[in-house]
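Both complexes shown next keep chain A, but they swap its partner, so chain B is in the first and chain C is in the second.
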Partner chain A sequence: MAVTIAKERWTSKVAEMTLGPKGLKVGGESTLPFLHFEGEMPNRPVTALEVFDMEPQDWPDILKEPFADVLNDPVAWAKKVVEYGADMVALRLMSAHPDWKDASADEVAKTAKAVAEAIDVPLIVLGCGVEEKDGQILPVVAEALEGKKCLIGCATADNYKSITAAVNGYGHSVIASSPLDINLCKQLNILITEMGLPLDRIAFDPLVGALGYGIEYAYSIMERARMGALTGDKMLATPIVCFVGMEAWKAKEAKDPDVPEWGPQADRAILWETTTATTFAIAGGTIFILRHPESMKRFNAFIDEAMKPNAY
Partner chain B sequence: MGLTGLEIFKQLPKKNCKECGQPTCLAFAMQLAAGKASLDACPYVSDAAREALDAASAPPVALVKIGAGEKAFQIGNETVLFRHDKRFEHPTGIAIQVSDTEDVKAKVEKINKLVFDRVGQVHEVNMVAVANDSGDAAKFADAVKTAQDNTAYPLLLISGDAGAMEKALEIAGANKPVVYAADANNYEAMVALAKKYEAPLVVKGSDLNNLADLVEKVVALGYKNLILDSGARELSKVVADQTQIRRQALKLFRPFGYPTIAFANNDDPIMESMYASTYVAKYAGIVVMNSAEPQHILPVITLRLNVYTDPQKPIAVESKIYELLNPGPDAPVLVTTNFSLSYFCVAGDTEASRVPAYIIPVDTDGISVLTAWAAGKFTPETIADTVKKLGILEKVNHNSIIIPGGVAVLSGKTAELLGCEVIVGPRESAGIPSFFKQRWLNK
Partner chain C sequence: MFEIIGERINGLFLDIREAIANKDPKPIRDWAVKQAEKGAYWLDINTGPIASKEEQAEIMAWLVKTAQEAVDLPCCIDTTNPLAMEAGLKVHKGKAMINSTTAEQAKMDIFLPMAANYGAAIVGLAMNEKGVPKSAEDRTALAMELVANADAYGISPVDLYIDPLVLPVNVAQEHGPECLEALRQVKLLSNPAPKTTVGLSNISQKAPNRPLINRTFLAMAMVCGLDSAVMDACDDDLVDTAATASIILNQSIYCDSYLKTFRQK
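Entry: the complex of A and B
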C-alpha cells in the first residue's frame, strides 16, 4: 500500500547569517530540524567552545583538564579551541564583571582583538553578563574588532541600544537575549531591526536551561519559534544561539565526581552537555556554545548522522 | 478523532423512530458527535455502519498496554505533534536489551538497578528485551526464563522465528510480553501467537509502504493490539519515519494509528544514549538500548521526564514544613520555592550534608527561585507570610532563616518584616554542605 508522504508546505525560511573572515554561513533552513524530506537545511548547526579571559573560578576539574596549560592565556586557549575543531571561538569577557576584576572596556577590547587576530574562524564575543557593564564594554569591543564579522552579545531589552548601534556600525552581528518567552524574543528582534540592523545579522538566545533543569521550556520555545519562522513570521526567523556549556556544567549530574548510582563522571558529564545540545538541535537550535571538546566531538558525530538525507 | 454529526448521520438508519431516546436520527448523531451518547442505544444500526463508526471514533494513536502486574505500563493515545500544542501523554518505555548468547542473569540484575530518584519520584527503565541472537529456540527459551525469573519488568521478545517465539511465549506469555516481530514472511504465525496470548505485537516493515501493507494484513486477520517498526535504524531515517507515522496517525491514516518502537542500539554507548534521547522526544512509544550503565541511561530518563511534563502544569510540592533527618530546635531553616525541582535540589544537597534541617517552600505556583523572584512571587512579603503561617520560627531557638544566594537582595526587607536574622546562602544548592560547614556549624 503506497503511503502518501505528509509534507508541510512551508512558506518561509530562517535568515542566513555570514560570520568571520572566511564567511561561515549559519541558518537558512526551510524546514523543521532534519526533516530533509520536505525542505532544505543548507548549513549544518555550528559549534563554538568557550574561552574565558581569566581563569574560570567554578569549572570542575574534568572541564579544566583539556585546557589545563592555557587557562590563563586567552589567545593560546582560543588556538587550542580551533585545534579541537570548533567552528568558532566564543570569548567570554568575565574579567569585566564587577565581582571579578571589573576590567575596563579598553582592557577587554585589547584581549578580544588579540584573540581575533590569532584565529581564522569566526569569533563570538560575550560580555560578563551584567547588562549595564556589557552595554558599556561591548561597543568598544565592536570597534576594536571592525571588519572581523563577529557575533557579539548578549544584547538585552535593557542594553540593546548601545550594542546594536556599534554592531551595526562596525559590521558585526548580534545575539539578542530574552528570557524564555516567545513574545519577548520577538519584541527584542523588532526593536533591534528598527535600529537598522538587518535580520540576517541577528541571532536570538532564549536563555536555555540544561537537561533536567528546565530544558523543556526552551525546547518548546524553539519549536514554536521555528514554526513561526517557517510560516512567515520574519521576526522569529533568526538563527538560535544555545548556551549549552554554561548551563550543562552547572548541573550536579555533570559536576559531581562522586555519585556511584549515576555511574562514573566522565561519560555522564559529557552526555549531560551533549544531550542538552542534541535536544536543542532537534528543536531548532543553530549555534551551539559548548565547553568540553569531547562533548563537541560527540555532538558533531550526532549532527553528521542527523544531516544525512532522508527523502522518500 | 471526531467525526462530525453529519458524517455520523449518514451512517444511521434514518428511521426517526425515537427508540434511542432522541427525537430524530440527526439529533442522535449530534449527541454521538459530542460524545454524549453511545451507538448501542440505536437497535437498528447495521453492522457495517457500526464498524465504520467504531473505527472512526478510535483515538488517532491506539493505547497499548504492556506487561502484567505492578510494572505494567501503557503507550500510545497521543494526540499532538508538538508538546506545546497540548502535552505528550504516555512516556516512552525504555527497554534494555540482553542477548541469549550472554550471561542473562548478570545483565538483568544490572538492569534492575537502573532506578533513579528525581524530583521526589522514582524513575526507571521499563522493559527487558531478550534477543534470540543465537538463532537457537531452546537457548532463547532459557534466556527468556532466566529474565522472567529475575525481573519484574515486562519482557520484549525479539525473534523472527515463530517456532522460537512459541517456546518463549509458553514460558512468558501469561505476562503479556511484547512480541517482536511480525514481518512479511512470518506474520500469519506471529499473529496467531500474539492472539493466543493477547500480547502486543510489533509489525515490522522494510519501509513505510511495506509497513502500511503489513498492518492491513495483520488487521485483516483480526488483530489490532499493535506496535509499529518502520525498519529504519539510521538516525535521520528514524526521525523522518517517526515524524511521518505520527503525522499520518493524526490525519487518521489508520494503518499508522498505533504507537511505535525505535531501536537506538549502538556499539558506542554515548551515541546510543543520544539516539535514545532523540527518539524519546521524537515520538517513540518504546526505545531499545544495549547499555545497562547508569551514566548512559540517566540522561535518557531525565529527558523523558522533561519532555513528557505537562507544559501547563509545572511539578510542584506542597508548601509546608519539611523535616530532614529529624531536626531539633537548633536546626537551620532553609527557604525555597515550591517548584519541585528547586525543592528537591535543596533537599538532596541538604541530605548530602548530613545536617538535620527544615525546608520551607513558599507557594510560587510551582516556579523556580529566580523565575518567581522576577515574576514577583518570591518576595519579602510572600516569604514572611509563609514563615509566619507555618510557625517555623516557634520551632527553633535561633530566630533565623536562610534564603537562596540568587535572591540576596531580598534579605534586608525580609528581616525587617519577620524581625529575625536572614542569612544569605549559596547561589547553588550544591554549595549547601560547605556552607553548613563554614557558616552554620561554627556559629
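Entry: the complex of A and C
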C-alpha cells in the first residue's frame, strides 16, 4: 500500500523583501523551512559578514586573521567580504559608540556611503547599539544612502520613530529589534507599519542567543512566528535577522584560546558559529549576519543541501 | 483566524430594501466599506424575501457587483434560490462562499456541484427535511453527511463551513448546549477538520440584552471550535470579544494592539 504523505495546508506566506542595487530577494516562503514538499521557499537564507568602521577591540586573533590587512579600512574590508562570497555586507558603526570614538552622524554617514559605493551587493548598516545614539545617526546614514535599498537597524521600541521615518523616506528597509519576546516583536512591527512603512520592508530581530547561551528561546520565537505567519498572522510574517556572529563570538567556547580539553580553538570557534546559524535556519531565520568566512562557507554548504528539492 | 461574515447587506434591513428598490448603489457600498473597516472577512449578501425568483437573480448579481466595487472582500452569497446563487457566483471576483445547503440530498445535489464548479466555499446546515435535530449527535450525523457528500465532489473540508444551527435562547433553551457540543464533535469528523459557522444573532432573537447574549455565546462557541459567524461586524463590543477570545485561545500571537490587528486583513 502506498504511503500517504501528510501535508500541512498553509494559508499565508512570509513577505518578500528586495534589497540592494541588484534586487536581492529574501523571504517569501509559504512553508516551514526546507519543507519543499508542502510549499514554496523561493529564496534561500542569505548571509552577510560584519565589517566594523574601526578596528574591533574585542575580537580574538583567530577572527581577525582573515581580515588582518583591512581591519582599519572599512571599504577594503567590505570588498574582502564580497570576495569571500557573502550575499551582503553588514557595516557596524561602532565608532559612533560613546565609549569608543563617539563619532558624529556625518562622520559615520560618510563611511557608510563610501562602503556602499565600493560594493555591488546589498548593504546592511547597523548602529553602535546605544539606542539613543542610533536614533540620531541612522536617519543621517539613511539619507546619505538614498536609493541604495539598504537594510538599516536596529530600530527598537525607544528609537523606531526617527529611524523608520528616514528608512521610509529614503527607500530602505528596517530591522526591528525586540528582546526575546514575541509579543513585543509583533507590537514593534505594528508600530512601524503604522508609520507607513510596508511589511515587506521590515525584518525583525528577536535577539538570538548562541548555542549554549539561550539558543532555545529565540528558536521558539522564530518557530511560533513562522507558524503564525503561515496561518495568516501578517504582523510577524516578515524576514528574520539573526545576529549569529555577534553572539557566537561572545561564547567562551569560541573566544577562549587556552582550553586544551575543548580541542583547538580554530575548530570549536567555527563550529560554534556554524551550529548556531544552522539551528536558526531550521527555525526560520532568513538573514544571517556572521563574522568568520569559514563559518559562512560551512553554513552555505548546509543550506545547499537543505535547499535541494524534497517534493513527494 | 476567526472570520467575521458581515450580516448587514440583507434585504431584511429597510435601507437595503429601499436601495434595491431604487437601484441605489450607495447604501450597499457604504455598508461594504463600513463592515470591512470594522473587521469583516466576508460580506453576507442577501436580497431579502422580495420579488420573483428571476428578479432575485438579477438583484443578487447587482448586489455582489456593487459590494465588490467598493471593497476587496469576498461575498457570502446568502439565498435558497439556486438561480440567484448562480447569478451571484457568476459575477463574483475571487473565492465566494455559498450560503447555504442543508443536508437534504436534493439540496446537496444542487449546491455542492455549484461550489465545486465555481471553486467556492459552502455553508452546510446541520438540518434536513425533518428540521433541526435536537441532540448534538444528530446534528453531527448530518454534518457527516455534508462532509461525505462534499468529498464526493472534491470539496475539501476546509472549504465546508458546518452550521450546527443556533436557536433563540428564550424559546429553545435546551438547544444551546447541544449546539455547542455539536461544534466540538464536528471538529473531529475529518482531518483536516471542517470549518464551522453560525448565524450568531439567532441566539438572542426577541430577547432583551441582545448584544450581551450575542457576545457571550460567541466566546463560548469559539472555545468549542467556531471558526466564523454571520454577525454584526459593527458591534464593536462583539468584535472585541471575538478578538479577545482568539487571543486567549492562542489563535493569534498576542500584542498590545491586538484589538486593532484583529480587524486588519
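A few comments on the model shown:
The criterion applied here is as follows: the second predicted complex is superposed on the first by the 312 of 312 C-alpha atoms of A that agree within 3 Å, B and C clash if a C-alpha of one lies under 4 Å from a C-alpha of the other, contacts with A are read in each partner's own complex, and residues count from 1 in each chain.
Note that a residue touches a chain if its C-beta (ideal position, glycine included) is under 8 Å from a C-beta of that chain, and two chains touch if they have at least 3 such contacts.
It should be emphasised that the depicted structure is a prediction, and the values quoted were computed from it without experimental measurement.
Looking at the shared chain after the overlay, A:235 reaches chain C, while chain B stays out of its contact range.
In the superposition on chain A, contact of A:136 is made with neither chain B nor chain C. In the superposed pair of complexes, A:263 makes contact with chain B only, with no contact to chain C. When the two complexes are overlaid on their common chain A, residue A:215 makes contact with chain B while staying clear of chain C. Within the superposed three-chain model, A:34 lies in touch with chain B and out of touch with chain C [touch as defined at top]. Touch criterion met: A:9 reaches chain C, while chain B stays clear of it.
Of the two partner chains placed by the overlay, chain B and chain C both lie in contact with A:224. In the superposition on chain A, A:162 makes contact with neither chain B nor chain C.
Touched by chain B in one complex and by chain C in the other are residues 224 of chain A.
Chain C makes touch with chain A in their complex at residues 1, 158, 192, 252-257, 260-261, 264. Residues 9, 182-184, 186-187, 190-191, 224-225, 228, 231-236 of chain A are the ones touching chain C in the complex. Chain contact summary for the complex, chain A toward chain B: residues 1-3, 5-6, 34-37, 179, 211-216, 219-220, 223-224, 227, 250, 252-253, 255-256, 261-264, 266-268, 270-272, 274-275, 278-279, 282-283, 298, 301-302, 305-310, 312. Put simply, chain B touches chain A in their complex at residues 82-84, 116, 118, 208-209, 212-213, 216, 234-237, 239-240, 243-244, 247-248, 251, 253, 255-256, 269-271, 273-274, 277-278, 281-282, 293-296, 298-300, 302-303, 305-307, 309, 311, 341, 345, 348, 368, 374, 428, 430.
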